[in-house]
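Both complexes below contain chain A, partnered by chain B and then by chain C.
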Partner chain A sequence: MVKRFSSEGKDAKEDPSSSSQTILIPDELCEKAGLTLQWSGIGELGIHAFKHVDKLSIDNPSEFAPTDTFVHNLRTDSILFEPVIRKLVNESNGTFLAVQKLTPSTSARSETLALSRQYRSIVRACIENLQISELDKNTTYKLTPQQRQHYVAIFYNIEFIWHLCEILFVDSVPGAVVLPHLLDWIRFHFPDTERAAGQILTGPLETGAELRNSDYWDVVIGLIMQGSLEPARALLRLHSNADSECFLQAESLLKTLPVFKVYGGLSTAEFRTRWHTWQTNVSTKVESGVFTSEKNLNTVMKIISGDESSVNDMKSHCETWYQLLVAMLLYKEPTVKTFELNRYATSCMGYFGGPERMKVLDEIIMDLFECNILEVIKKLHLSSDSGWAATHLTNLLHYCGRLNIDSQAYDSRLDENLLIEYGCLLMSHNSLWQVGVTYLDHCGPQGRACLELLLPRLKPGSESRTLKIIQIAAERDMPNTVNSICKVQGMRCLQRKRIGQALCWALKSQDPGFATHLADKLLLEYTKGGTFNCLDLLDNLGSCMLISDRLTFLGKYCEFQQLFRNGATREAAVLLTSLFTSKLCPKYFTLSLLMDSLPLLESTDVTLLSAEDTSNLLSCLEELADDCASSANQAAVMDKIKLIRLAMNKNLAKSLIFEACHPQILD
Partner chain B sequence: MLFEAHSINAEHKDLIHDVAYDFYGQRMATCSSDQFVKVWDQDEHETWNLTATWKAHSGSVWKVTWAHPEFGQVLATCSFDRTAAVWEEIVGEGTAPGERGMRHWVRRTNLVDSRTSVTDVKFGPKALGLLLATCSADGVIRIYEAPDVMNLSQWTLQHELSSKLSLSCLTWNPSFSRQHPPMLAVGSDEANQSLGSKVLIYEYNENSRRWAKTDSVPGVTDAVHDISFAPNLGRSFHMLAIATKDVRILTMKPRQDVVVQSGQPRFDIQTVAQFEDHYCTVWRVSWNVTGTILASSGDDGCVRLWKCNQMNSWKCVSVLKGDGTQACTISGAPTAQGTTSSAQTSSSAPSRKFAESAIEKSAPLTSMWQPAVIKGRFTKRTWIGAEPAPPPSAIDKSKSYARK
Partner chain C sequence: MGDNVHGAFLSQKIGKVRWKTEFGVDAETFVTGSWDNEENQLILWYYPPLSELQEEEYLDAYPQVVYEQQFEGDVTELKFVTNNKFLVSSSFGRVQLFDILDRTQAAKAKLREVITWDTCHYFKTGERSSCTGIATFEEDVATIGEDGRINLLSLHSERLVRVIDEADTSSLRCTCFLKHNELLTGNLRGHMKIWDLRSHEDKPESTFMLSGDQIGATCVIHHPTQRHLVLAGGEDGALTVWDLRHNTFPVTVLTAHSQSVSELQFHPDRPEHLFTCSANGEIWHWNTSSISRNSAIGSASDMSVIAGIEDNPWLNPDVAKNRMEVYALMPAISQPINSFDLNRTRLVCGCDNEAVYVIKNLML
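For the complex of A and B:
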């Protein structure tokens, strides 16, 4: 019944100069007449063919009539709503909430690093899920292989960027050496070399490896460029000429290469001295031609000597400019600081065609090296993950104190706008809305205003869903929202003639007018049928009945009936009298109430209703009689009135006599 | 943006003049020049079903609008026939089989005060009670009230304001508080520029118990066709969208120190956005629920969506337009036998879903992602441990990232 138009149908003609997309509505009438759009619900909209009419238009059928007209109901969709990706939404929510418990600070903290890694592992788990679901034949996820590939691509890139961001902004101490982390980053995302090395090393461990593996030197150079010296040396030992002088020299140089360790006990200056001594040694040997007999080994040694001329050799072993950047830094500037990266990055990019050849991913990485967080966020926000990465990363960076730009150009916290947008998106989804609430919770007054707007608009479903919504509103101290939701529920029940349920909701909504209306309905129903259809509720109103006079009367009346049924006639009589004297009884119900007094009046126990009580009742009766006399067609009512009057007179007489004889009872 | 769509044949035999969705977006009312109003309900499978259709007026029905569900299921319509009407849905009490639970719409009141076409009708914010404002081509704004919200057949004409301009549209300000008294704005499609501003602001004065014009929007002298206040998310100012020869978004800050009727403007009005992208007249404007996206429909046959970015500047994010070449014929659409107040449920035409997939082309970023992205340790092998095993260092690393 419902089919998804394949997106291969190139119905978007993109204007490269603007970021807007064109969506074509497959409707001929819309094309001929024009169209209009109406928003509905949360994140839904309707489109229909439309031609403007105004007071000057003649009220005739349009030029298109008769025609079929369509309404196209559209709902914003997001890849976050894919079942396979929802896990990411839910898990990242947990991490997000943990982040909110921190206080913003610029110092590198293990907490922020741990949370950042948690986010990344969630992204990885998501990629893993996508890949597993591909193999799982029983899966119900209807993803095409292309879609899956896209999703994997999106999240892979997010993780890649996030990792670098983590190195540069989350886990960074100002002035600290970043290269070891950058090496990790590159090694992790470009594992081919290591994998190839592993393959060679798992083969026969004897010399002649370069003859058995055509990619031997590529692997060695790759390892050197990623700073993986151990496997590189292991490979060199497998070379046929490993025993020759030049290989032995290389081995000893590689073995003595000083590696900077953050907690190595060496100051940067000391390390630099050592490094220089070592590298001068390498350069001298390269220049004196120690390695010229082995061309490839010579290249390796030139790279580690930091020789400018080796850049082209290195470039041919890199897929991307940032691989080159890290390799270059490793042998040229191993103690490079974060703020110096920018310069090297620009020059490396030059080797790969400069800014013109850059794709968005390159641009984002460049922006990161330039510490231009704002640009990064902007570009990430445009990505197809519905702002998931931009929102969570910005929020994390806020807690890392990296968004000091906030106060200058924006009226509010930068991450708040993103959080609101993300939260609202989730609120538009039938089962993710509760996750959305937690994001809006952390957006200050604007988030609260959003919640007040959206909570009542969540589509009413089962009662448990409604109760959940009410609970969430109540926890956030939004009484008006709670009352409104309850009132709407009450009206729905009323429409279905479920008066009892409606009354329950009316009490919850604290709406006196509504409660009065429902009490009236119940009383009128009783005068016709003689029963209440929700006696349980009415018998247990308690103090709730005080919300409206009419409901109070109804509640007390039910109490009277209960007393009477249970044989407590004396208490019943007292209550009945007070019902009359309080003037709470609505006119239409006076007769019913008077009829109820009959058994008490006719009781043999004279003391139930005193002479004064009876007089009060009598005055009510006469008032009613006057009203009825003025309106015609009340014969049946007049008969009843006569009957009651007679009973009252008898009781009045009896009680007067009794009271005269027993004056002490009155005292 | 990514959309999923359900298309339904609305079964009006002519253009639809207006579509209104209820508070939740679960019910839809349509009206057309065939003088009928139809109500559609979305079921739990998200299919739209026609649940009622009735002849509402003796002229084209211009606009239709829902009241807040706190007042029940209530619609208001206005028409070329110079009337406005309030309709309520009731559920039948009959006991005969098939009769119980039947719903139908009854006309609760017919508002016949206007001597010309009633061009717009809108319910007021619920906190003011059940108010209904209408405006008409002869320039009169009428505000009706149902004093007893449980009895919709009683409506009293509370206020009648004459603007001296032929009115085309009206909008209530959804927010009011101690600082913001009840407010509404009207637009006029009077083409004569010399008559001054075509957007007038009216406010209710608690002391005099009267509505009065307190300001007009300067600079809008061309015909105005639609007007809409944005939901207020705790802002200190109001935001108003105007459809005139272009799309405009204004902010209105109430001036604190101004005494009303002292001749000074009541509001600090600023144009925050003005788009001429339609290159022609704009007919309709509509805000999304949070007031973050504005949709405008123009005479160029396009709908444009405008969104505010972080720098507080508004940008077009989407353009929607009709395309006849793709039109799929929807066959076998059952026609509802259009008896008045019919409660029969006819299933909607087969709905369709179309996704403007951002993944492929709309979002600039993905299209620019490098194609060969899967270079990292995210290949199947790494994740499911197939042969050959990744190098030992890789395993260690992935372990070290194990979630806590």
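For the complex of A and C:
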């Protein structure tokens, strides 16, 4: 009996320090005797009860006998093997292969951006699939709600991190002004505010919205902080006091807020001057108390004036420190450069309790702002997606030329190690191994070596599967791998008593030893039964028979029989003589072969076997007779030998006379 | 992928795919069978034909799963025998006849098992052997397997009609009926055998080779109207053409794909079009209509007709080599395309990247 149970990797996020895990093997015998384990396939362990015995142990029957023993198979499980998530594995494989067609370069390219977006949309499709799989009643497998939630969370985080990574490293913004993209990032992942605004705006479009909606000011401030000014102004116009002086002032200020556009025709310096003029204007108005009559509006205006004291107000409207960061940058440093983000990020984090309160996600985002890609990859690698994100992201960043750490800390490309790990994981799966191969293809010599080791270890299945494995190996020019797989197939056929098919594999594997072994088997079977069981194959061997002498003999012998059956006795006689003179005939078969010469010797046509041919045959016969004489109990054989000797002598006599009378025939 | 290709990802590699046969109208249902998964499935899909939808809707119509059925072993062949019954063979040596119950017969479209032939293919050791192919001629069915056995079945009986135990010493890989009494089989070493089913002897009527290099045959078909014209695909990706009226020597060998040909099919209504798919992810359309048309125009006075030169381009090696129009129906994918099927102007194919693609608007 083989038991399988999956080992859900502990959530590495909670406890990255302990990477070890205890798995209980439910086996009484193992409990008593102890256990040992061996690799049994790719990523699979065979575990069984075992007690060490050495020269000092007393030679006794086992104290546990008689008992049932079990082998437990333990294999790594991965969320990538979940049916819903397999779609992600296969779809992302297509994108991965498209990335490999590029050449690494640091210059901004639309291709890399498009591919990065493709990856993200695949992740989003996966999240969507996970969400709808609950509603789909057709499917036969089910996920528990907890599992589903867990998976959605994992992939949501991946997409979130990937998006930021795309903004900072894949999409190179002209002038390194990243704020517009960061705003998109925040808006995309925190859509609640916009949704709430939409709800208010789809209600009655008349003043007094703040009375109808208790969250009115929260929404307005949220929108301001996300830089969504249009809906914010629309909301402000719905306020009961929208006609009052302070609201009109606010409206005109918000309307004139300068927005930096990359292709807006303004240089950063020019923009800064405009920005400062505008913001000074706002500050003056705030300080002169224009908005004091409306407390909330005052807060809004304080935020857009970039006033330090507004940070606490902003913080109360943020769930996370990076929301605060983006809002703060928007009104303080709208032209912030990628490499300056680090400083602001640290200060924002301080408002949210500093590094002690950070979770893994926060750490990764912080690392991204610090441009510490290596650290990001390390942490992503530990997340519970079995390295999917780390592998694909690292690979993409390599093609964006962002992994300049490559050459310093590592001998080989950083992404290659991850690719190998990911490829090997897929190779361990019963069905996804073909996808795994495509990853190992792009890992240089190490990946190739892995493939050479792993391909023969794939579980044997139907012949179609084996042929596919062989094709993969052949395509990559791995003759040794091909041969070893063919040999295993040959042995399996032999176990199934399909000698013909085994021979077929032996020929494919170019293994002379195996071919000889099989040819021997067939010849021995023939000496016992008088028939060949795979004539259809032997008759059509062609040049393949040259792989081994024994097989050549077998092939030629079948040809002889065919000729003889078809009545071509003359050709048959020539072939028979050549079979004797070539000395290919194995000893155990000499007698059978000599017996086959009897009808030719006894034929009335004297010219079939000449005197010389007959003497050749005779010498073979005598050799056999000598061998037989030395071993006892060969009466039956000796009888046959006598019979053949007689026929040979007669033929020799006849042919000598004939040749003497017709010398012209010999010429 | 272009506008005319619609794909859907599944969580299993697709071994076989077939349209449900419809007469005179576009099929809207197809069946796929998976392989190499721990739990395989037969899946019934719905893909609405153009006539039922507005043009804009059609652009977004993707194939949808209607019904899933667990299946033991890999699905190795699927073949429709009537418009709603189909045969399935498995790597467990089992052959089953299924019925598609549509919405008029059941609350929801589903599959129903009609007949199961349990152990059609097995080794001498008792181990089950994979059934590798099915050939049908009206109600007669022949199955072949890795065990080198040929079984003859009838759709009306659960018993095996006839068994040829040691038909081949190698594994049989492909088969088709040439006539009601003639079966062609091909094996792993490229030995093609014609069996006369009227004869009671368990010996082939004739044997010939795919090529001299012992390349395995992967698929074989005959021309829809000219049954003596036989095409076979090989492990090396080449297509071999025979004219069995004359002799068993190939007329043409066309170097086609760079890896083994998984399936080939003439368009059932327009036999001047051939389609092939391969293990290196290619799906090709071979158009011979320009050659056929040329020879038709000059027909009566044309010297070639008088001279008895074949007007079927496949049997005219020089024409075939020089003037065959071949194009890829979609960009090659990284994994093998295992199977495809044609229905009027649409083609559906199933691949090892766990996707099915429907290609619309074939240029016929």
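Operating definition for what follows: the second predicted complex is superposed on the first by the 596 of 667 C-alpha atoms of A that agree within 3 Å, B and C clash if a C-alpha of one lies under 4 Å from a C-alpha of the other, contacts with A are read in each partner's own complex, and residues count from 1 in each chain.
Here is the rule we go by: a contact is a pair of C-beta atoms (placed from the backbone, for glycine too) under 8 Å apart; a residue touches a chain by one contact, two chains touch by 3 or more.
The shown structure was predicted, so the numbers you read here are calculated from the model rather than taken from an experiment.
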Which partner does A:C534 contact after superposing on A: first (chain B), second (chain C), both, neither? second
Examine A:F514 and indicate which partner it touches, taking first as chain B and second as chain C; both and neither are also allowed. first
Scan A:Q434 for contacts with chain B and chain C and give back first, second, both or neither. second
Name the contact category of A:Q100: first (chain B only), second (chain C only), both, or neither. neither
First (chain B), second (chain C), both or neither touched by A:F190: first
Have a look at where A:I42 lands relative to chain B and chain C in the superposition and call it first, second, both or neither. first
Pick one for A:G542: touches chain B only (first), chain C only (second), both, or neither. second
Name the contact category of A:K497: first (chain B only), second (chain C only), both, or neither. both
In this superposition, which partner touches a larger number of chain A residues, chain B or chain C? B
According to the stated criteria, A:A33 is in contact with first (chain B), second (chain C), both, or neither; which is it? first
Which positions of chain A sit in both the chain B and the chain C interface? 495-497
Could you please specify the touching residues of chain C with respect to chain A in the complex? 9-13, 35-38, 41, 65-68, 70, 74, 76, 91, 123-125, 127, 130, 132, 146-148, 166, 168-171, 188-189, 191, 193, 204, 207, 209, 212, 214, 216, 235, 259-260, 279-280, 333-336, 352-355
In the complex formed with chain C, which residues of chain A make contact? 83-84, 86-87, 90-91, 93-94, 97, 138-140, 430-431, 434-435, 438, 461-465, 467-468, 471, 475, 495-501, 504, 507, 533-534, 536-537, 540, 542, 544
